[in-house]
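Right after this note come the structures.
In what comes next, subunit A is part of two complexes: it sits with subunit B in the first one and with subunit C in the second one.
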Partner chain A sequence: MSEPKLPSSRAHWASDAPIISVRDLVVRYGAKTVLDGVNLDIFSGETMVIMGGSGSGKSTLLRRIMGIDRPTSGHVFIKNVDITCATEEEVNDIRRIMGISFQSAALFNSMTLADNVALPLREHTNLAESTIRLMTRMKLSQVGLGDAENLYPAQLSGGMRKRASVARAIAMDPEILLFDEPSAGLDPIIAAEIDSLILKLKSAFKMTIVVVTHELASAFLIADRMCMLRHGKILAVGTTEEIRQSTHPRIRQFLDRVPDQAAGGQDDYLQTLIKIQDSS
Partner chain B sequence: MSLFASVGRGTIQRAEYIGGLTIQFYRGVAAAWRANPLTGSRLRWASTIQNMAVVGVNALPVVCLIAACTGLIMALQGGAELRQLGAVQLVINLVAVSMTRELGPLITAIVVVGRSGSAFSAEIGTMVVTEEVDALRSMALDPIEFLLVPKYIAMLLMLPCLTIAANTAGILAGGIYIYFTLDMGFALYIRAMLEALLLRDIVSGLIKSIAFGTIIVHVGCYEGFHVTGGPVGVGRSTTAAVVKSIFLIILADLLFTAFFYFFWQ
Partner chain C sequence: MDLNIKRIGTRSVVYVEGDIDLYSSPELRETVLDLFRKRQQEQIIVNLAEVFYIDSSGIASLVEGLQEARKQNRRFVLVGLREGPRHVLELTRLLNVFEIAETEEAVT
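Up next is the complex of A and B:
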């Protein structure tokens, strides 16, 4: 059981009470435990990066924070509302102050970009159509897609789609913004663009931003604090500096990009071949 | 032991499926009720009308063609037998009654399953795979209300209309047979047909078509919402939607026919 240390130092503008608070979160699919007693506090105004290898449970954690799926046990408090046992209506109220950019962008393929961004505004506000159109154009130009509003998602490149999904996530001016693998599958230049977009949002709107990623460079660039997830458990929580200087062997392995088994030479390779041949 | 285990597992899976379908039906009806234009006016008209065009108007030619063929087949098959008894004029009753009570609703439903039930499940299944359904929920929008209700309302409005069109096409096609064998004029055929028909026959057929429409939408959407395993899963769910819909439609048809047989003579 890894008890996360309380942050020794936080971003100076962060307030005292955590805006997101995860307590003893357990998620099991059948016999497989994906999250195993996760505790995490995220404070208002900070950027928290959740790092971990593939299958470490970081996307699962993000989906629970969004309240999309319910956990096996444990609690997620957002602004002191426990969304794991709230009714769908109460969760929906919380969701209106949150925005999420999915790994696959998840834009509605049957709608233009403008309609995608305008959808939450049309559904949840009584604004006039002209105001909505103006706000949509504003959000799209914030992510650098001002001239693409009448295109369909299928006509866009991966990076543009990702940026459009950010525009949709910030359409309702959320207090909390979640990113699932913002730069996965993008080339380094576009990944850097997404990073600078996140930094821009952070400085311009003081949003609480939670990013799930395994890209080290972007993680250290955007994070105020970060946590490291492995096999469904949190290994460490701390500021970027604390993580960078961590001596935990697993964290060092992740940061120094060391493979699990030291790559063997020719002999190891032959040994493996013989072993496979014997067993078949 | 493995026999017991597989029977038990199968039973649990069926019960789970029916339970899930029932919950979705309940939520769909509740959402449709909230969305009705009289009290809530949260109905998505654009989406509903678009669905009505796809489900109803676009299906009209193929439904009418298939119903006309069926009407003619009925007349030919019935005529061959009834001619031996010298009662060819009874073909009129046969075609009129069997089309309105039974074949019209059933054939329409089966064509619409193939056209729209599979499309519903593929559309929603793809949205599940690409996380669009999660995106809807993350925006505090209920996928049932947003995706299912417009389809359901479109289906409830259009399937009875299609059924009436199918009835008409089938009966008119039966008239062609009568015209050539009995040399009976078309006006006379229509009059004989109206005498053979009761309003009950048509209404019971339309009640069936409403039930069939409910099955098509809910099974199609349920299969779509429960897609697992990426694009292959979408294909699997589309097949399952069609097969399960047709089975449930035939089952419902049997139940309704038995009910009308005993309680509405």
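Up next is the complex of A and C:
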């Protein structure tokens, strides 16, 4: 295994330079604009929580940071490498420093949990099998699945699959950890354990963590900074306290859990009706 | 990561300098296991005073050293643990599993 050809190791990446930088990002699906000129800097060692309602573009933004899909225009720099136009080799190098936990767990059904977690270690490292087995047990224990290593995904509850997905995401102690809705579908106790794990990982491994969620309690607990998205645009980026104190009506609506009509959603509704009328 | 070994009789001190991560941990593992298996060392001290970052593969490598020591009824001690590595050992719930000393001199 060769070391990734990325500039600077984790220990030496300057904390004042963004490790992830999103510039003028636009994503369109046909006539629908999902991300509309997003700019966002995420710094080494911080936990950035991306929030917004359904359809706000938060998962789309995360997928572009993951380098899964190309944007319509704009750039995503990871450690100064633009992954929107990077070579396959560069993207592979970047993927090695990223751990990804998808909303849908995305485990291999034909493999045991241990083999699912060990997969990235076997694929990307030259570690001895005995070392990999130890690491796999450590990771499964960290997510509370220490006694489930020989089970298959089909034998697990949804919450256990989600935790297994987290264990696989952290298998290589990635420099950048990306979570899509880590607490969705989990009972409150297990969700709190995942929050606690995120805090510990950040502190112990100096990870940069990006979390997409709409779970407010979790977001305010784990975030250093938050980014609020609405209709593909960033409403605000700030510390948890800055967001908590925000007077922006849409942010207040989201934080105070006010239904759309009560928050003046009629204007949006009227605009939609007018648009429909104009186009007919 | 750089490794330097000082051997005095059946006691070896492994001085580690730099990050112990996915790329460097196999060398540390091999070194420690060789000292026990081939050099028949009774006591191995791993001096981590110059290590500011260790990942899970590094911790797993140390666990393998400890396993080997226990199997052969020998001694395996970590010294000079800095805050970062100590934190990782806490996270992995292994801090109390290892024999840990502040300095080499404190290891009798």
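Criterion: the second predicted complex is superposed on the first by the 248 of 280 C-alpha atoms of A that agree within 3 Å, B and C clash if a C-alpha of one lies under 4 Å from a C-alpha of the other, contacts with A are read in each partner's own complex, and residues count from 1 in each chain.
One rule holds for everything that comes next: a contact is a pair of C-beta atoms (placed from the backbone, for glycine too) under 8 Å apart; a residue touches a chain by one contact, two chains touch by 3 or more.
Note that this is a predicted model, so its numbers are computed, not measured.
Enquirer: After the match on subunit A, would you call subunit B and subunit C a fit or a clash?
Expert: Verdict on subunit A: subunit B and subunit C fit.
Enquirer: Which partner does A:K202 reach: the first (subunit B), the second (subunit C), both, or neither?
Expert: After superposing on A, A:K202 lies clear of both subunit B and subunit C.
Enquirer: Going by the contact rule set out at the top, does A:A128 touch subunit B (first), subunit C (second), both, or neither?
Expert: So A:A128 only meets subunit C here.
Enquirer: Looking at A:D173, would you say it contacts subunit B, subunit C, both, or neither? Reply first, second, both or neither.
Expert: Touch status of A:D173: second partner only.
Enquirer: Using the superposition on chain A described above, determine whether A:M138 touches subunit B (first), subunit C (second), both, or neither.
Expert: In the superposition, A:M138 touches subunit C alone.
Enquirer: So, does A:K58 touch the first partner subunit B, the second partner subunit C, both, or neither?
Expert: The answer is neither, since A:K58 touches no partner chain.
Enquirer: Quick check: superposed on A, how many Å separate the nearest Cα atoms of subunit B and subunit C?
Expert: 15
Enquirer: With the touch criterion stated at the top, can you tell me which subunit A residues are shared between the subunit B interface and the subunit C interface?
Expert: Shared contact residues on subunit A: 124, 172.
Enquirer: Show me the residue ranges of subunit B that touch subunit A in the complex, using the header's touch definition.
Expert: By the definition above, subunit B touches subunit A via 127, 130-132, 134-135, 137-142.
Enquirer: Can you list the subunit A residues touching subunit B in their complex?
Expert: Contact set of subunit A toward subunit B: 63, 66, 68, 88, 92-93, 95-96, 98-100, 102-104, 106-109, 119-120, 123-124, 168, 172.
Enquirer: Could you list, by residue number, the parts of subunit A that touch subunit C in their complex?
Expert: Result: residues 1, 3, 9-11, 121, 124-128, 130-131, 134-135, 138-139, 141-142, 172-173, 200-201, 203-206 of subunit A touch subunit C.
Enquirer: If we count contacts the way the header does, which residues on subunit C are in touch with subunit A in the complex?
Expert: Checking each residue of subunit C against subunit A gives 19, 21-23, 25-26, 29, 52-53, 55-57, 59-61, 63-64, 84, 87-88, 90-93.
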